[in-house]
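Structures for review follow.
Both complexes shown next keep chain A, but they swap its partner, so chain B is in the first and chain C is in the second.
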Partner chain A sequence: MSFRGFILLKGYQMRVQTMETTKIPKENGIFGLYLIARIAIFNGTITRAKMISFFSKRTIYLTVIALFLVLLPLTAFCQSQSRSHTVTVIVDPVSVIAVAPVAVNLDIPGGATAVVIAGQDEMRVTDQNSILRWGTNEDEGKVTISTSLTPQTFRLQVAVSNIQANPTGAGSIVTQFDVTDIDHDLITNIAKSSGHCNILYTGIALASAGIGTDSHTLTLTMVAQ
Partner chain B sequence: MKKLLHRCLRFSFYVVSLVLLIYAEGAGQTIRIRGTRNPTLRITSGIPDGQLIDVVNTGCSLRYSTPNYRTWKITVGTTCMNQSFTLRVVTTNPQRGTSAGEVTLISGAQASDFITGIPSNTNRANATLQYTASATFDQGHSGDEGNDRHTVTYTIQRQ
Partner chain C sequence: MKKLTLIIALVALSAFAFQVVLAQATQLVTLEVKVVNKINISGPVSMTIDDVVPGGADLQPVSNNATSYNITHNGSATGKITAEINSPLPTGIKLELTLASTLGTSKGIQDISSATTAIDVVDGINQGKDATQMITYDFSATPEAGVFASTTKTVTLTVTD
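And now, the complex of A and B:
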């Protein structure tokens, strides 16, 4: 018989060890100890009061140890307190476009500054100071252009150059074309990006068309392709 | 029997002391989120050849208290499934403690200091939360990427 659980309580252990002739398998655990103690009481080795005291003491030790094992981690956990809430970020589809300056004059002057060439009917004047800027977070956008003026006395052509985008996806530019009241692609295949380019306007007049003024209101639109 | 009773009393004393210890450690510091419970920041416009315009929300605040010992701090962290856009938070006017500056909330990252040096005996101090949402054009939009739904957690703890 060997119950090492008695090491903590040496006094009682000594008494129980006098019961070596009592064969109680240690698989009986605490109940085995109880039986040994009962036999010890029967034999007068220990008193009933001491046995109760022993088991009470053992229960107290085990309870205190269990409490510490459970509550100490809880104590550490309670040293902080947290609160959470939900924050939602929504990004709408955004496509923006701007052009500057707001007005462009293409003058085909007469007199000393005339651009007319003797023997030619066609006169041209160009402006490339306009800048088109855009930004889009949608896939595959394009920019179109149209004019409010119809019919036109003179021709107005448009083209873009020096296209740059951030980070990439500047798109494709189309070749120079006449502006009409029907939307015409100016830049295509614009990826999610922001960027800018120069707009080249060319006014074309025929000497035979005489003099006058074409006042265009140009509309540039960024749409999904 | 009298001795047993005495031991039981002593045991009770230990248990009560332990409970008081837990109370002193755990119940002394508190933190609450006030104001707009779950704010939404919606980006709706941008600058051509620039970027989308940031959206700011200041509808929430923290209210925090500390017990009568030690110095405390507040940390902030977030979890967000498939985060696509940028969310930052800052407090510029904590009534107690010092703002640690603007924190960029990245899902799953370690919690960052938000307010430090909160002294003991702080009683219901306030700090306004200023959230800023930002995005770039190339990051797309919520229709493609989904909304960023952050669970932002503020923790008050010993410094």
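And now, the complex of A and C:
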């Protein structure tokens, strides 16, 4: 290693012409650098200076380790910056419910599924194409159903089948019942879940009641149980 | 103080009385009942004349009431049942029909021997059902008609408004 430059020594401006380093033999029990600098003093006199610096092996190792420990996190600090801020996530109670299709027609005897047996007063028609879907992050919910129509000429019964929920908590199915203007449980014990089921409607008309049309607006409501 | 306590209690009770609605959906369901006139008949019926009236010259008529009909009717209160035969019987051969009815009024014994056009056998049928009502066939023949070979006839009963 060598360098050239100017140094100040004891009030004299000197120019370092060369600087050499030499390894000291290992057998001497020391490990270090032997520096020889050729210094040119400005008055023209060439002086040969010797500067010897000795370091023990242990000191060097400790120094290297210390530098490693200090520089490594410092390096990491220099390479990436971290900043932090506060993020607040709030999940409010959410419950949704939907039923499809929007409208269902039950015809007696026009519908293909209508069953009219000669000699029987009661005539039935069924529809099981409606699907009820829900999602809730609240525990212990239930779905009720009621109709806006009162009084009714014919009977409308409702039941639920093929109930499924994810991950669990599909709830309990209530057996088939007549829909009235009073809320009646359709599914109970719904846990935090998203699920769906089929709604089975059965229209029941008595021949003795004659002909006519009942138009129901059914309201399905998810409520806390 | 008592009034205040009572008011607080009532408010608390009313709060519990109303359920918390989480979500709601509506669906329109229309239940339409159209005119229904359904009838079915048991059968078939087979009748044979092979005897004479004791002490007389006329052939012994036969009767059959082994069959019945069911109807469901929700139209007008003046429904009726008509009967017709697919082709007329020859002169001297008579087929008569009687339908019992509780929902309507039976027209009694009706000769359908040549009723290729429908005739009323029950009228005034109200809305509702009539089940297992008896059908009676009376089959008779005059000696002048001679032998009448086995023939199958189709009798059609129709319920209408």
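The rule is short, and it goes like this: the second predicted complex is superposed on the first by the 138 of 225 C-alpha atoms of A that agree within 3 Å, B and C clash if a C-alpha of one lies under 4 Å from a C-alpha of the other, contacts with A are read in each partner's own complex, and residues count from 1 in each chain.
To be clear about the criterion, a contact is a pair of C-beta atoms (placed from the backbone, for glycine too) under 8 Å apart; a residue touches a chain by one contact, two chains touch by 3 or more.
Because the structure is a prediction, the values reported are computed rather than measured.
K.L.:
Kindly classify A:A98 by the partners it touches after superposition: chain B alone (first), chain C alone (second), both, or neither?
P.N.:
It touches chain B and chain C both.
K.L.:
Check the residue A:I90 against both partner chains and state whether it touches chain B (first), chain C (second), both, or neither.
P.N.:
It touches chain B, and chain C stays clear.
K.L.:
Classify the contacts of A:I108 with the two partner chains as first (chain B alone), second (chain C alone), both, or neither.
P.N.:
Second partner only, chain C.
K.L.:
Contacts for A:Y201 in the overlay, against chain B (first) and chain C (second): which applies, first, second, both or neither?
P.N.:
A:Y201: touches chain C, not chain B.
K.L.:
Applying the touch criterion given at the start, work out whether A:L62 contacts chain B, chain C, both or neither, answering first, second, both or neither.
P.N.:
It touches nothing on chain B or chain C.
K.L.:
For A:T136, select first, second, both or neither according to whether it touches chain B, chain C, the two together, or no partner.
P.N.:
both
K.L.:
Answer with first, second, both or neither: which of chain B and chain C does A:K192 touch in the superposed model?
P.N.:
A:K192: touches chain B, not chain C.
K.L.:
Can you list the residues of chain A that touch chain B in one structure and chain C in the other?
P.N.:
Residues common to the chain A contacts of chain C and of chain B are 93, 96-98, 134, 136, 138, listed in rising order.
K.L.:
Please output the residues of chain A touching chain C within their complex, sorted ascending.
P.N.:
My answer: residues 93, 95-99, 101-110, 116-121, 123, 125, 130, 132, 134, 136, 138, 141, 147, 153-154, 156, 201, 203, 205-224.
K.L.:
Touching residues of chain A toward chain B in the complex: what are they?
P.N.:
It comes out as residues 49, 52-53, 56-57, 60, 63-64, 67-68, 71, 74-75, 77-94, 96-98, 133-139, 166-167, 169, 191-196.
K.L.:
For the complex, give me every residue of chain C touching chain A.
P.N.:
Residues 19-36, 38-40, 69-75, 126-132 of chain C touch chain A in their complex.
K.L.:
Which residues, counting only chain B, touch chain A once they are in their complex?
P.N.:
1, 3-4, 7-8, 11, 14-15, 18, 21-22, 25-27, 29-33, 37-52, 57, 60, 78, 84-85, 87, 131, 133, 135-145, 147-158
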